[in-house]
Amino acid sequence: MAAPRAWAVVAGVGPGTGASVARKFAQSYSVALLARNPSNYEPIVKEINNGGGHAIGISTDTSDGGSVANAFKQIKEQIGGQGKLVAAVYNVGGRFIRKPFLELSEGEFESGWEANGRGAFHFSQQVIPLLLDAVEASNYPPTLIFTSATAAMKGSALCASFATGKFAMRALAQSLAREFGPKGIHVNHAIIDGVIDIERTKEWLKDAGPDAKIKPEAIADTYWWIHTQPRTCFTNEIDIRPAVEKW
Amino acid sequence: MAAPRAWAVVAGVGPGTGASVARKFAQSYSVALLARNPSNYEPIVKEINNGGGHAIGISTDTSDGGSVANAFKQIKEQIGGQGKLVAAVYNVGGRFIRKPFLELSEGEFESGWEANGRGAFHFSQQVIPLLLDAVEASNYPPTLIFTSATAAMKGSALCASFATGKFAMRALAQSLAREFGPKGIHVNHAIIDGVIDIERTKEWLKDAGPDAKIKPEAIADTYWWIHTQPRTCFTNEIDIRPAVEKW
Amino acid sequence: MAAPRAWAVVAGVGPGTGASVARKFAQSYSVALLARNPSNYEPIVKEINNGGGHAIGISTDTSDGGSVANAFKQIKEQIGGQGKLVAAVYNVGGRFIRKPFLELSEGEFESGWEANGRGAFHFSQQVIPLLLDAVEASNYPPTLIFTSATAAMKGSALCASFATGKFAMRALAQSLAREFGPKGIHVNHAIIDGVIDIERTKEWLKDAGPDAKIKPEAIADTYWWIHTQPRTCFTNEIDIRPAVEKW
Amino acid sequence: MAAPRAWAVVAGVGPGTGASVARKFAQSYSVALLARNPSNYEPIVKEINNGGGHAIGISTDTSDGGSVANAFKQIKEQIGGQGKLVAAVYNVGGRFIRKPFLELSEGEFESGWEANGRGAFHFSQQVIPLLLDAVEASNYPPTLIFTSATAAMKGSALCASFATGKFAMRALAQSLAREFGPKGIHVNHAIIDGVIDIERTKEWLKDAGPDAKIKPEAIADTYWWIHTQPRTCFTNEIDIRPAVEKW
């Protein structure tokens, strides 16, 4: 497939995983980058376009069905009649709220679901028809990856909002993998177990050695590798953690 | 504790598990029974009161924080200054929707969360302060049980709505167990794996033998038994299935 | 079923869980108690018989098929033509070895399997035919319970021997539950997650409060309750932990 | 690291996964291939050496500690003072026995453990010191991969032997990952969920489409990719299945 006509979309683009994934997939595809706040995608859009790649950014609130529909209307116009969407990464995590349960407001509790459940639903409903449409033409099986977390596996104290959201995301990923795997779409739930090494976490884990935080570039490499797995060999759930992580 | 002053509350009372649980706990406690539609709790409220027990019913929409707050205002008035709430069962499951993912409306998808996530949140925020208040006085550790399902463990194809809801419920139950167990509250996530034997399922599994469906009375006995476990021996997750069930 | 003709067998009887389980089941059944060293079962055999119950003890090495066969030859003679074996508890855990992997001898590594895998196999092969034979006559579904541990769910560092044994025990319990559940036998894998409160652990967790250790009597009550669950409502895996336990 | 001095070892080399993994790793490393029966490794040893790579074969019974020690004595001689062992794959699965539990002989039951537990222990004890010795010098983190199966996650009826073995293997892999990850070794438990596409399975799943079986080359690519993950981003468990597989 010629590069200009194959597209990837990444929702939840900030300075960490999202930007790295965008950069990686932009080596092979045009990329559409979604974030609520344009300041989150503008630097990486510019960087990719300046570097000879092709990126667009669209301000999108994934928890709002209309906003997601509008974003995909633009994406489809950009892709045009000859292009295909062959990869989609849902990287929206929402706020991590750590708080005694009885102090959680409804809005705080609900925020985990909004980002990880409802937003993932809207995104999936928009991308899956496009991915299905690419099954025959794509070099690699069209791929839908959800960025998840340890909280998808264990509901810890004080983390009810994030854990309910991530558990729900895992359920959605499993359900979609089982429905659309046989139709040729590769769905993966990626459990990122550890601190991601970004500007905001610069001061974290400083005593734990040089490799105590997960490099976002390594996550991006993993996602790309998952995308390239053939139909005969899909990985539907993957865990990623630093060598030194306790788990 | 004298029977008249110890209370249990059951949310999601219909003809199956809810009524059986109400009947069982009403042998020892006054019971407050919640359902959206009064026709769901009226028969069992009448039955318990006619049989010498004590029950009240309150029309409640658990997905609506105001409705739940209003129900508990009434419950607290009934309990009065001397009573204690010592057991709570969240038995709201919502609709089971089996449908291709791309045909799910936002409302259909969201309904799993509304019943199993948001509703469980509202209920938990109201009951936990009451249960905490009963820790010293109660014969048995104050107990909060969530009725869940196999869908809490596996996201099957076509079941994205129900599975996301039940996964979220499991996350909530784990988070609450870890936060409030050390404070003396027994939180349990009960995985009901099989068809429940009620009027509506009368024609189901007719060829599978007399014990192929779960008797709601047996679920109620299990819930009561969980409630009576001492602080030194809590069960935080239990599975229940007929002997003949495939799993 | 008249008490004198219904039997339970407990393998792995020492001063903790085994003795408590024996005491509990001896309230309803004759009990056969197995341990390698007679000094482990003699006190509880004497106690039960002095208290009006009926117990026998048989020195048995469960890792040795011949020894187990010989024990069951004696048990069958005791049960006689009219009795039935209706409950069996495999409570052998073996040594808990915590050691750097590279320092484990083959014998040390293998000991986890010997107790939890091979021993459970021998015991199961002997008891299952007897339990099957009791399905029609027994008040409660004939029951086979395996005492397991957190190590069945997580392979921690330095615990390779115990974890491989307990994982294997869980696999065996699941396989047996799925094969013999439909034939009327209730198989349960009991995850004991915490320190058991016995003489040997008297000094442990002294600062963690009065309920920080699991009372063996509470485990015995749980096992008895599992045994009484009807065919329509089997629990195949249960976790047990103190309210204050981290998990 | 110069190719001639970096080595990989693969235990359990037959015509399927083992040969493909050998071929893949031989593109970068010298490889030592172990199998009980030399006829299993001889074709691939010859193929690799004829193709410009470097392979040796050693007849080894992994369930026998002496045999494994002897094999590694030869491997260490071949590696010499300047080489390093940087990757190890334990691909021994043993017989898959599907049989009613009560018909299993002790030898049949035990065979699952022998291949997946005891054999994995012997192999791990020999390779881990060599991998530790390579941490500083190796391009990629020294890697130990265990080929596992769905049976590591679920104990099905009639599969007690295989399931106990694979559960034990998973426990061992987790324990080793947690002990040796912080020391720089990447341990992975690979759940192969499906039929592998080899000569022996040629007639299987013929109606399920061209991609219904897992290509061993795809497994080998996955293993190699795991090997290349950096210290900051280890995957400790991976599942692999065909797009059309039910799970």
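Quick notes on this one:
Letters A, B, C and D mark the chains as written, and numbering starts fresh at 1 in each.
As a convention for this text, a residue touches a chain if its C-beta (ideal position, glycine included) is under 8 Å from a C-beta of that chain, and two chains touch if they have at least 3 such contacts.
Given the structure is predicted, the values throughout are model-derived calculations rather than measurements.
In this structure chain A contacts its sequence twin chain B using mostly the same residue numbers, the overlap exceeding half.
Between the CA-based centres of chain B and chain C the separation comes to 31 Å, rounded to the whole angstrom. For the pair chain C and chain D, the distance between C-alpha centroids works out to 35 Å.
As a whole-number value, the distance joining the C-alpha centres of chain A and chain C reads 46 Å. Each of the following residues of chain C touches two or more other chains: 178.
Taken together, the touching pairs link the chains into one ring where each has two partners. Those residues of chain B lying in contact with chain C across their complex are 141, 178, 181-182, 184, 186, 197, 211, 213-215, 218-219, 221-222, 225, 229-247. Contact residues of chain A toward chain B in the complex are 65, 100-102, 104, 106, 109-110, 113, 117-118, 121-122, 124-125, 128-129, 151, 154-160, 163-176, 178-180.
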